[in-house]
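Chain nomenclature is as follows: A, B, C, D and E, assigned in order of appearance, with residue numbering initiated at 1 for each chain independently.
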Amino acid sequence: MELSSFLSMRHEILLLAITLLVLIGEIFIPENKKHSIVHMAIFLFGIHTITGFLPTVETSLFGGMFRTNGMIHFFKNVLNIGVFILLLQSADWLQEKVMVQNKGTEFFILLFSSLLGMYFMISSGDFLMFYLGLELSTLPVAALAAYETTNRKSSEAGIKLILSSALASGVSLFGISMLYATSGSIYFNDIIEMITSTDLTILGMILFFAGLAFKISLVPFHFWTADVYEGAPISIASYLSVISKGAAVFILMILLFTVMKPLMHVWENMIYVIAVLTMFIGNLFALRQQNMKRFLAFSSIAQAGFILLGLIAGNQLGTATIVYFVLIYIFSNLAAFGVVQAISLQTGKENIKDYEGLYRTNPNLSLVMMLALFSLAGIPPVAGFFGKFFLFTAAASEGYYLLVFLAVVNVTISLYYYLIVVRAMFLRKSDNPIPFFKNKVYMRLGLLITVIGILVLGLYSPLYDYIYNLSGIFN
Amino acid sequence: MGSEAIIVFLIAGIVLVAGANFLSNLISHKSDNPQKREPYESGMTTIGPTWVQFKVGYYLFAILFLIFDVEVAFLIPWAVVFKDFGAIAFIEVLIFLVILGLGLMYAWKKGALKWE
Amino acid sequence: MIRALSITRSIHDWLYSSMSENMAYFIEMVLIAIVYLAIFAVAGLFLVLIERRVAAWFQLRIGPNRVGFQGLLQTMADALKLLSKELTGTEKADKFLYNLAPYFVIITALMALAVIPFTQDFQAFDINIGILFLIAISSIGVIGILLGGWSSNNKFALIGAMRSGVQTISYELSIGLSLLTMILITGSLQLSEIVEVQKSGWLIVQGHIPAIIAFMIYMIAGTAETNRAPFDMAEAESELGAGFHTEYSGMKFAYFFLAEFINMFIIAAIATTVFFGAWLSPFGITESIPILGVFWFLAKAMVLVFLMMWFRWTFPRLRVDQLLTLEWKYLLPLNLMNIVIMALIVWLNLTIQF
Amino acid sequence: MDILTLFIIVPILTILALVFTKGLKQARIVSLIGSLVQFGMAINLVFAYFKERAVNSDIMVFTKDVVWFKEFNIHYNIGVDGISVALLLLTAIVVLAGVFISWKMNDLPKEFFVSLIVLSIGVYGFFISLDLFTMFVFFEIAVIPMYLLIGIWGTGPKEYSAMKLTLMLMGASAVLLVGILGIYFNSNADGGALTFNILEISKVSIPIEAQKLFFPLTFIGFAVIGALFPFHTWSPDGHASAPTAVSMLHAGVLMKLGGYGVFRVAMFLLPEGAMHWSWFFIILATIGVIYGAFAAIKQTDLKYINAYSSVSHLGMVLFALLMLNKTSWNGAILQSLSHGFMTALFFALIGMIYERTHTRDVTELGGLLKVIPFISAIYVIAGLASLGLPGFSGFVAEMNIFVGAFEHEDMFYRVATIISVSAIVVTAVYILRVVGIMLMGPVKNNAFLTLEKVTWYEKLGIMLLLIPIVGMGVAPLWLSDMILESLHPFIQGVL
Amino acid sequence: MIPGISIYEILTITSILFFIGVYGFITRKNLISILISVELILNASVINFVIINKYLYPDMLQGVLFSLFIIAVAAAETALAVSIIIGLYRQISSVEVKDVETMKY
């Protein structure tokens, strides 16, 4: 192995360097200048995001444990963009609420560690790296969920997240051990050759699936989602719902499409059932929510169900569309969470009822929210429509018309509750509306990027071409 | 001697303790009174529950130990094969230790090592 | 297997020739267990005596000298006394755990003894992860102490146990890391191989500066690990009655006492093995007679044991915060740096070898 | 920029301009200019179409084809034939009239006009699309602004109506989506590539089984917005709650998407499916026609009366389309146009009456002819057009429909036709009843005596709608020609 | 490799361990107990890896290596979970599941 081959790990190395820099900053910067760390971290991460777009080559390091190619590289960039927006949106919260308690840097350290874990997870070439990445991406988030140490809900969120994640990863590990027993290797490349459709393999795969299903919060591993989203700080909820979910979907896709291809006849049925359950349960529970964060939690469960439609296709169309959809989903959901964050930061209000009459006091925020919700619901011409349409097309391309039909029924259900929020903001008038306020620069920039993303990503087709061409690697 | 030694010593230990206990029970003089069954507390009766909440410092150090002990677990295999690998192993472990050291410094800075 | 001693060889042969294989095997095992139990008991009793004599010597008095020659049977008598005492226990104790605790401490001490290479082939259990095994076993001992302290349902005991816990786990790091430093030179965890490596010079010489640092750290940490003064917060008699074993009496108390002394010996023995060439004689003067290795081994170990006793009667007891500061703020960073230095030395081949 | 894409671009520019306006005056001026330009373009398109048609005998003219998502073979593919041109003209006129009618929209004017124009983008885009995907996109774009328009500026149970309308239409589009995907994945039946292009798919013979499966999905998907019984319930509620201009656009234009979509997609691409299923949907359409008419009699709210009459009239459109007959198709298209103008006019008038009297209940009104003669007179005219009096557009359309329908020899079709024809009588009943109660007789309420005069912008709006009604009635041939010509490919493809 | 004991017996034990863990996770009412249940699951996996490696594929050390990392991660997990539980305990003075149910549906 040459040192130059570390260049293809530059995402990881750079991010690690940034994390360490922030840590060093925390140790050595005097107390009264701590707030500069926020600016420093955002600036450094911005640079990291930009350098991520430099081209890369397909490589495999550490004897196949770590691998990267155009698609993985692209997906890391997608995650980077998401995290960058997230940082912009949380900057105000950090500076106003957290830095005063002298613990803002942990946010960055933990968040970056978690992102690093995701890098490793999606770059993994064997189950060991995968497992380490999975855990590294989950554990810091659990710490972050329990971040507001004086808030009981936050601690509850943390404990729920970590216990359920531990259970899921334990079950997953048990499954991996079965796969290891049957194939004699933990390397994906060896497993592809060795794997056959035996009972033990299938059981192993199903158990293994639990770990990722937990991260994507698929039914029946979704129980933690709403509680954690509600209790955790909004930034973390949005991180969980967007970045964490996206990375997990991506690696699940890689594993299903490459390693477990021989078991396709099994996981197709499994995903079929789970997709239907996830969509229905997510949507039906979302109907009755009063709290914005819980609402978005269930909505994100339902969205995960839609993503499975691309997964079940199992072809290049599916691969490309999932990535495309996740990219769009990142922008849409971040926009929604960004608005919730802004309002919660200024007024502390988080219920849908509090949003009544928002348009008349804060038109811009409510427009952003509306766009985000429409994108989540899949209304043209915003990007979400294209993502959903292509997902349905991908599923239909393998003949799953009934599934597509159920999915579109769910789109209609979901539209109902998205419109409830729109109704509160636009249609209702309130005696006690959220007063007008002006966001700080970072938040406005964060929201602006998401809005541009929502409006442009769908209509701009070369992006899809690009993803499609990259995704040939996995099929 | 193979791995069964561990069983042998386990049994030997149990036999030792159980045997001595048995012997002691056999030959010791026995008397019973309520005071004898009280916990020893400088002659006073115990006030309140004994199994009380402990200060969090103990847990904190337990957690720190957990982290650093695991790190030892990683260093041991490294140390065993270090001679065969040389430069690469050295650099890698240097990175590892630097991060670990930073972690320690962080804990230090945050007052986790302070016993109050 | 105790193979070097010709007497054991002949016993072995006799056993296998006179009865069925399984039977012979079984009896052999029993014999080994008996031998080690004997070593265990004798060493424990002897060390207690030494401790008392050394204490007396430091305090310019005579110490036990009535029972037997120079008081040699004093501890024997003490043990008999303890054996004949009633095994009491408090009403409120968690009986099961309370009775379980002594097993933990004794078994771990005994198991640790199993891997000590007294001389060539005089080692019951020459496992290829010897050092790791030792570290692992020694951390189980603390569970016994915690169990004992907790289950007694006595505040002194509980405080003692908690202190012991935090102290033991803290210093265990240093023990592990300082041994790790030496493993860098040996490249093996197997104790017999570690001894083998030292035929070209004791490790403390081979590794020179970092090895000496590691040795010093090891001795400090080892003393703390055994809860001995000046690190005896767990049983600080002036504050806590008797610490974690306040509620134990008679033989049950004796187990803790015994285990503590055996642990001291084990710490010394490990130091002997890893730093001072175990049973190897200086400059190989008695290489041809392996049985003399036992003598060398015990001699070195006793010097180290004496060192630890010296500590006890020299230094005042630390406070808990001082204890933890010492470990976490001085020993641990020093240890980490020491590892890097040692790695550098090994990598650049700067070790001193004869 | 080609002549059709401008239909999308101009509204977008109008919206962008609207974003920077402040207050009602600026907003309405900007939107007036925008819709005037649009109107001019529509007129121009008609002439351009005739000119082009003279030299070009393609099915579609002014086509433009830009690859959009090449993996799915999605194109931005536009073009028009006579039917689309007529409907575009209808849209332009109704939107312009709508702007006039909303001249005094005081509450959030900017947002109102933006939503209105977004709605029109959807409709324009739908009529010019030749690609199923873009058609679907524009279809959905047209639906969503309705929610805000009704929800914010509506009256009565507006939230309920808006939600019901949106959900039913989106549910329909969900069904439609499956249908479209089904068509898409069967579009390579003859060995070509998968495509969304309507013209290309029409050349492919999709397997019969697939046609039978996907025709009902596609048909229902479109027909819900065309108020097919029993999926019509969103329509009366929506109409009743919507503000005037929205009702106009809704009934006048939006509901035409249904008929157009059924015709252009469901029947054109899945002819065998249409044959197979026509009996079933004819029953539904017939029930719709009759039910709408009778329900209108029962209503006292002016808007509900009109809404149910729309259900009836549009049921007739679907009925005519399902007759699979050239004449009745011609009638269906004419009926669409006629109903578009007429019902828009009705709603405009109802809006004016409501603005003045603050009630829409027929029983509370009376003698309006005396106090607001202009509005009342126009109302009578519109009513006469609605019940199909010769000389107005309704007559031409219904004539064609029933003549075409009677050409069927099958007993079933004839029975259905006879039942449908009887709806005309019922229509006359409810129209004349309203005219009688509301316009004639004594003035019921003294407050009515001081009603405001009709303003110039209201007059303009009304005239804009009235002229085509009369025009179509008096001189239907040019329009009829234009439509008949465009029906040829359908006749070849379907019959 | 332990003579006289086949892989099936050990795997049965680990499976039982696994299900005890899952059962405990579901039924236990105390957060610490739940944490311990999770550790049981992880330990079952660790033993599985080591045993499979030792019995079936003794020439490569993949399973053993994996188990080392699982232990490390489990330690980190436990450390984190315990610290969160302590934080929670400071607020509500309880580690019972019924007391951490302020958020429902």
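Just a few scattered comments:
The rule is simple: a contact is a pair of C-beta atoms (placed from the backbone, for glycine too) under 8 Å apart; a residue touches a chain by one contact, two chains touch by 3 or more.
Just so you know, these numbers come straight off a predicted model, no measurement behind them.
Counting only chains that touch, the fewest steps needed to get from chain A to chain C is 2.
Within the contact network of the assembly, the step distance from chain A to chain B comes to 1. Look at the CA centroids: the one farthest from the centroid of chain C belongs to D.
Counting C-beta pairs in contact across A-D and across B-E gives the higher total for A-D.
For chain B, the chain whose average C-alpha position is most distant is D. The most central chain, judged by the distance from its Cα centroid to the centroid of all protein Cα atoms shown, is A.
Centroids of chain B and chain D (each the mean of its C-alpha atoms) stand 81 Å apart.
Chain geometry summary: the mean Cα position of chain C and that of chain D are 94 Å apart. The distance from the centre of chain B to the centre of chain E, each centre being the mean of the chain's C-alpha atoms, comes to 20 Å. Between the CA-based centres of chain B and chain C the separation comes to 15 Å, rounded to the whole angstrom.
Multi-chain contact residues of chain E (touching two or more other chains): 76. Across the assembly, chain C contributes no residue that touches 2 or more other chains.
Chains that are in contact with each other form these pairs: A-B, A-D, A-E, B-C, B-E. Residues of chain A touching chain E in their complex: 127-128, 131-132, 135, 139, 142-143, 146, 149-150, 152-153, 155-160, 162-163, 166-167, 170-171, 173-174, 176-178, 180-181, 184-186, 226-227, 230-231, 285, 288, 294.
If you check the complex, the residues on chain E that touch chain A are 18, 21-22, 25, 31, 34-35, 38, 41-42, 44-45, 48-49, 52, 56-57, 60, 62-63, 65-66, 69-70, 73, 76-77, 80-81, 84-85, 87-88, 91-92, 100, 102-105.
Every residue of chain C that touches chain B in the complex is listed here, in rising order: 1, 29, 32-33, 36-37, 40, 82-93, 102-103, 106-107, 110-111, 113-114, 124-127, 131-132, 135, 150, 152-156, 158, 162, 165-166, 169-170, 172-173, 176-177, 180, 183-184, 187-189, 241, 246-247, 250-252, 254-255, 320-321, 324-325, 328-329, 332-333, 336, 339-340, 343-344, 346-347. Note for the complex: chain B touches chain C at residues 1, 3-6, 8-17, 20-21, 23-25, 27-31, 36-42, 46, 50-52, 54, 57-58, 61-62, 64-65, 68-69, 72, 75-76, 79-84, 86-87, 90, 93-94, 97, 100-101, 104, 108, 113-116. Residues 2, 68, 71-72, 75-76, 78-79, 82-83, 86, 90 of chain E touch chain B in their complex.
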